[in-house]
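Look for chain A in each of the two complexes below; its partner is chain B in the first and chain C in the second.
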Partner chain A sequence: MTDFQTTDFQQRALTLAGQQQSPAWLAALRFEGSEQWLNADWPGRRTELWKYTPLQALQKSTSAGWSSALPQGAGSAALLTIDAIRLVFVNGVFDAKASTANHDSVVRFSNANDAQRSLIEKHLGRIVDTKRHLFASLSNAWVQDGVLVHVPRNVVLEKPVYVVHVSTPEAEPVIANQRLLIVLEDNSQAELIEHFASDARTQNSFVNALTEVSIAANSSLQHYRINLEQEAQIHIGGVHIDLQRDSRYSGFTIAEGSALKRIDYQINHRGNGAYASLNGVYLPRNNQLVDYHTNVEHWAPHCTTSEIFRGIIGDSARAVFNGRILIHPDAQKTLAELSNRNLLTSDKAEVDTKPELEIYADDVKCAHGATVSQLDQTAMYYLQSRGVSKTQARTMLSFGFINELLQDLPQPAVRDYLQHHLTVLFGMDTGTGLS
Partner chain B sequence: MLEIRNLNARVEGADILRNLSLSIKPGEVHAIMGPNGSGKSTLGNVLTGRPGYEVTSGEVLFNGKDLLSQEIEERAREGLFLAFQYPVEIPGVTNMEFLKASVDARRKHLGLPDLSSFDFMKLARETSKRVSLDAAFLKRGVNEGFSGGEKKRNEIMQMMLLEPSLCILDETDSGLDIDALQVVAGGVNAMRDDKRSFIIVTHYQRLLDYIVPDHVHVLAGGRIVKSGGKELALELEAKGYSWLEDEVA
Partner chain C sequence: MTEQVEGLIRKEYAAGFHTSIESDTLKPGLDEEVIRFISAKKEEPEWMLEWRLKAFRAWQEMEEPTWAHVHYPNIDFQALSYYSAPKSMADKPKSLDEVDPELLEMYAKLGIPLHEQEALAGVAVDAVIDSVSVVTTYRAKLEEAGVIFCPISEAVHRFPELVKKYLGTVVPQKDNFYAALNSAVFSDGSFVYIPKGTRCPMELSTYFRINEMNTGQFERTLIIADEGSYVSYLEGCTAPMRDENQLHAAVVELVALDDAQIKYSTVQNWYPGDKEGKGGIYNFVTKRGICHRNARISWTQVETGSAVTWKYPSCILKGDNSVGEFYSVALTNNFQQADTGTKMIHIGKNTRSTIVAKGISAGRSQSAYRGLVRINAGAEGARNYTQCDSLLIGDRCGAHTFPYIESKNSTAQIEHEATTSKVSDDQLFLCQQRGLDAEKAVSMIVNGFCREVFKELPMEFAVEAGKLLEVSLEGSVG
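So, the complex of A and B:
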């Protein structure tokens, strides 16, 4: 099996983690994280959760190795045009100038009052299962600061929360830790947009980003997670959600590929009648990789999951999609649907897709499916029969394949931004503004 | 305009068109009728270059040029248009985007300047009105969730926008209500002139009351078994096809 030696990367990362300043009340969590991180087996090819995604990119052999970021100005990343409560981080360092003023419901851990502090202590590191998620333990060990979004009972947050993580190259490769905790109390509502961006220069950072979400009874969260960074960026991200009775989570995620990009979603239906939808898009090109692992667990009856992921994989890129839905014995009357469709646009492109359905309850309705295909030939012919060139027809159909998931996004700022981004990416701006 | 000589074509290993010959002059309207499965749609598919339809022998000249060696999109840009019997749904691509791409391609081929987005949208809205399609259909996915009749009207809208020189209408009248039938017929008649030609594939004499053809052909077993004037359609309506098959056999 694996060797039980701690790798250089584990050592180095832990040293850096130890150097982070943080409030004393986070010390226990950091200690726990450090222990777990150091004692964890480093994933190898036989590690099921990392089978198709090697971590070599982290074991950089540069003489300098990894360091942690120094405060500096934001680069020139293209952000959303949106009226929101905005927090901007540059390589993990808070950028007050680029952010909006303090808000009652949105604070950094370092500014938390007593009530907020006890909320953080209650939930932080408790929603994520660190045994399953190796990099969550590094995040715990590192947590020097983070963002708490707390929506009290019966409150509808008046604006979306827009958390931006800008990466920009530094003299030495850096590790940036991003931490987010969302707590929605009973009967509340919020919208959260996480945006990971970079300037166009070759990036040299590793972002380890962890988001934990607790949604109490009758509450709902609309969540976007956008990962459009330059392709040298390394990103390992996790989103972990607990849903209580009759609560709703609607998530959308999109990622371009990079040297190493791995994103995990864990959704736990813990209360009766909870609803979760998660749609996702991945678009690796060149030599990039994107790996999405989603794990939805139904612990309670009468819950619903709807999950759709689509990917276009070009050039010599690779995508991994692992979508697991696990229905525990108590979760009767579950409705769960998972679909994954992949379009390979080159002979060298590759996808490893594995939808997994594990059902331990007898009264459930579940469906799942995964396809890997080329563009629809009839649609190609139809477009060409109207004079559209083969190349343009391909582009239009590829765009359409993804746009099906974009066009219904409820937040117009996100939708417009992504549609525009895709028309540029696919080189098909025809200027009708109706893509 | 169009000269089909001894065309033989095969689909999925089966010979469908057999020695089909047909000559269409500028400005003419030809109706093609014939039993189900006789090869009417196959003819349209072969002419437009649909993949999977293999021409085994024969030739087709379109405006004096060899048609069969041209790419699908070249044929369209040259002015060949097929209104599909079963228009294709393309979710995620808006009708507007699709129409603009088509019109841009055709105009470019004709050496005409690009229409600005604004002018195009105006034109598209006017045209959709002419076929009684609400402008909201321009923003929807191509044919996505359109009713049968709406799809057919969308085909006619494309025809109007592209201003082709040869229009093949494959059962555009099937599934249309009376009003829509008149919309389609009105559209065709408005586009009729001494240069533009039409091939109207239909099962019903009714459409030919509105679009009066110059010639009517009966396609059976992959070949044209009888041709005549517009009165042939009436005769077919009264007698069906069996007497012709007897005649051929």
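So, the complex of A and C:
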């Protein structure tokens, strides 16, 4: 086992890439990724994109290498109860037993036929801008397997696709590289649920996850990304979406904090009339950190973006939010809105938020808002005057603050799962943290 | 790159600004000798020289900031001259006939009286105009109240204790690249001291220092409001300023002691460059105030000039219950670029801050709001409200908002809102249908858009600011 403290992390990561066995047709992408990864400047406090999020936890992590054990299912991690096309990865290794049978539209890269392979080659690593996203180049360098969801023209996928990444304890902490590619052809529709979970005993492993989504004209994707791992885990994730004419993306993401958790969303409106909505919730506690960076770029006219992020930050935790909306010249008639609201429930908690607007077209309507506060004192007073205890009132109001985003989720399985999870979380925490 | 800058300068001068090189002007370049020379010229005491040298040594270690959303050719700091003696009467234009007619046209539009026009254009005027006598009357009044208002170079000699005590306490020498440069080579500026419990009997304005103008490109201002005092200070004026220096790096420091109040209003209208974006002033300013207990600092600015603006008037709310305010209108047209905003650092308990920033971009200009609201862990009950609105006129300009919000206290309440839109077609239609032409209609809408900020300006300023926007927006509609 090599200690990251003494080795340059970038170098070490490449050594790990060398230990992988990957198909020849991915070699070019891996090489490109390695080159970029090695030549990139390591982000520090002066790197704007990483200003509030130190990577020391990653450099100091003792993660040893790839998983060597046979996948043993999800362990104690609670999964969704849902009728879906399910793929389970345990520490980055596909677990066939825990997954559903093969499906025409959903294949792993290693099982792809020629047509699917050329589709992968066409899109993989091409939707994400690796110059801006350092860890996407690492993902390219590490790409070995992944999941392709390909929905052909005029097809509505009959079931949601449920991709689970579970971390379970092994002899040494492990690294996992998770890769997902979604290609929706014209007039198609799909639903995707990404779930990152871990067994209660998992040590500090590192998961680098990257999802690329291409949505063709008139197609629509409903996407959930759930990050509820143990707090020792390091997670760096990216979701990169290209939207063509009149297509639709509806995203929801939720994350509890961990030693280091950074999630990037990049949405590109490339065709006229595209629509994207992204709602998110973050709930760091203890000494955790959650960092959401979203970047929505409007390249084409008549597109719409709606983005809402809410966070409750407790104990000594820290939340970072950066929501950028960039309107390129010619992207006229754009409507874009972003709202970020934060509740600080402890004096040691910290939030650093930065909603950004960068606008180069004039006929647009863009707005963003950000607030940081504690629970509404008049609401607290109202509840207490009705005989609700202070603790209960806080729980109710905190839950309500988040539940506004949860209750409208169209997928009942996700909604019920999260509502249950939060009820337990808020209820258990009396006196400290969230409640 | 240097050639480019020089090229720009030269072309600029060709347009009518005078650039006769004077015998007393220092050769381009900056080293310790230059600083000793400047200090000696001003007959400064030893401690002042040491202070400058310390800044210079720090500056040498620093790098030019590149994070702002502005682009301009690199500046060769060794190609600039850092001292020029005040112009002799002989070098100045003899009468308004020798002044750039475009400038005069602008004055006329702003409704500036003739003798003021002469003063602004730098015409060599002997003690003819009224304003001189006006100045002397005002001075007497201020002295009576015990208010000190004089050039900072004079203050160094007359009030060394005050200058020593406060200079560099709000903007330290090493604060940033341009502040360090300013600290090393600052030419002159204003010094204001309001004694305890005094309400300054009039609004102080650089205009009243007109006979001591030509403070040059590295202006340094220090305002101290002692306990329980009040002062309102006006900087700049609406008329376009004639100036030969392309780079401006000013520093303004405000100290509001317990229960004091400082209101600082700026109208900045330096030469913005021509319609093709050639020439124009680079305005890199550091302005900051510190509020002690129950104190209040309010910044109001109307920024319409300069080719490149880089300016963040800030408040450090150190004392409990102190208040910081920032009201800004930034208008950019043609090829102008502005990156401006504020920083509100909440340290004391129950500190409050309000930010209202209005940006208007026209032509091919880029304007950005960049702000920081930081609530430290001890700032219990802190409160911030921020509103940034941008208005776009034309499809080749840009408006950007970069607010940084950092909160470490759960009892703090922060609200930030920003919107960007264009002048609405409906509003335009309504105005035009009532008989206003398109240009008038836009200027009316823009004036309404800026109302919240204008109402914070002293009365005369507010009226002029409205006109100024109208003039600055000319040619951007239709």
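To be clear about the criterion, the second predicted complex is superposed on the first by the 405 of 435 C-alpha atoms of A that agree within 3 Å, B and C clash if a C-alpha of one lies under 4 Å from a C-alpha of the other, contacts with A are read in each partner's own complex, and residues count from 1 in each chain.
One rule holds in what follows: contacts are C-beta pairs under 8 Å (C-beta built on N, C-alpha and C of every residue); 3 or more make two chains touch, one makes a residue touch a chain.
Please read all numbers here as calculations on a predicted model, not as lab measurements.
Asker: Mind working out whether A:Asp352 is in touch with chain B, chain C, both or neither, as first, second, both or neither?
Answerer: A:Asp352 contacts chain C only, not chain B.
Asker: Check whether A:His368 is in contact with chain B, with chain C, with both or with neither, and answer first, second, both or neither.
Answerer: Second partner only.
Asker: Contact-wise, after the overlay, does A:Phe401 reach chain B, chain C, both or neither (first, second, both, neither)?
Answerer: A:Phe401 sits against chain B, while chain C stays out of touch.
Asker: Would you check which partner chain A:Gln332 touches, where first means chain B only, second means chain C only, and both and neither mean what they say?
Answerer: After superposing on A, A:Gln332 lies in contact with chain C but is clear of chain B.
Asker: Enumerate the residues of chain A that count as touching chain B in its complex and touching chain C in the other.
Answerer: none
Asker: Which chain C residues qualify as touching chain A in the complex?
Answerer: Residues 67, 375, 377, 390, 392-422.
Asker: Spell out the part of chain B that touches chain A in their complex, as residue ranges.
Answerer: 48-51, 71-73, 75-77, 82, 84, 87-88, 90-94, 96-98, 100-102, 104-106, 109, 117, 120-121, 138-139, 141, 158, 162
Asker: Looking at the complex, which residues from chain A come into contact with chain C?
Answerer: Per the stated touch rule, the residues are 48, 329, 332, 342, 344-374.
Asker: Could you pull out which chain A residues touch chain B in their complex?
Answerer: Those in contact with chain B are residues 377-379, 381-390, 392, 396-397, 399-404, 407, 430-435.
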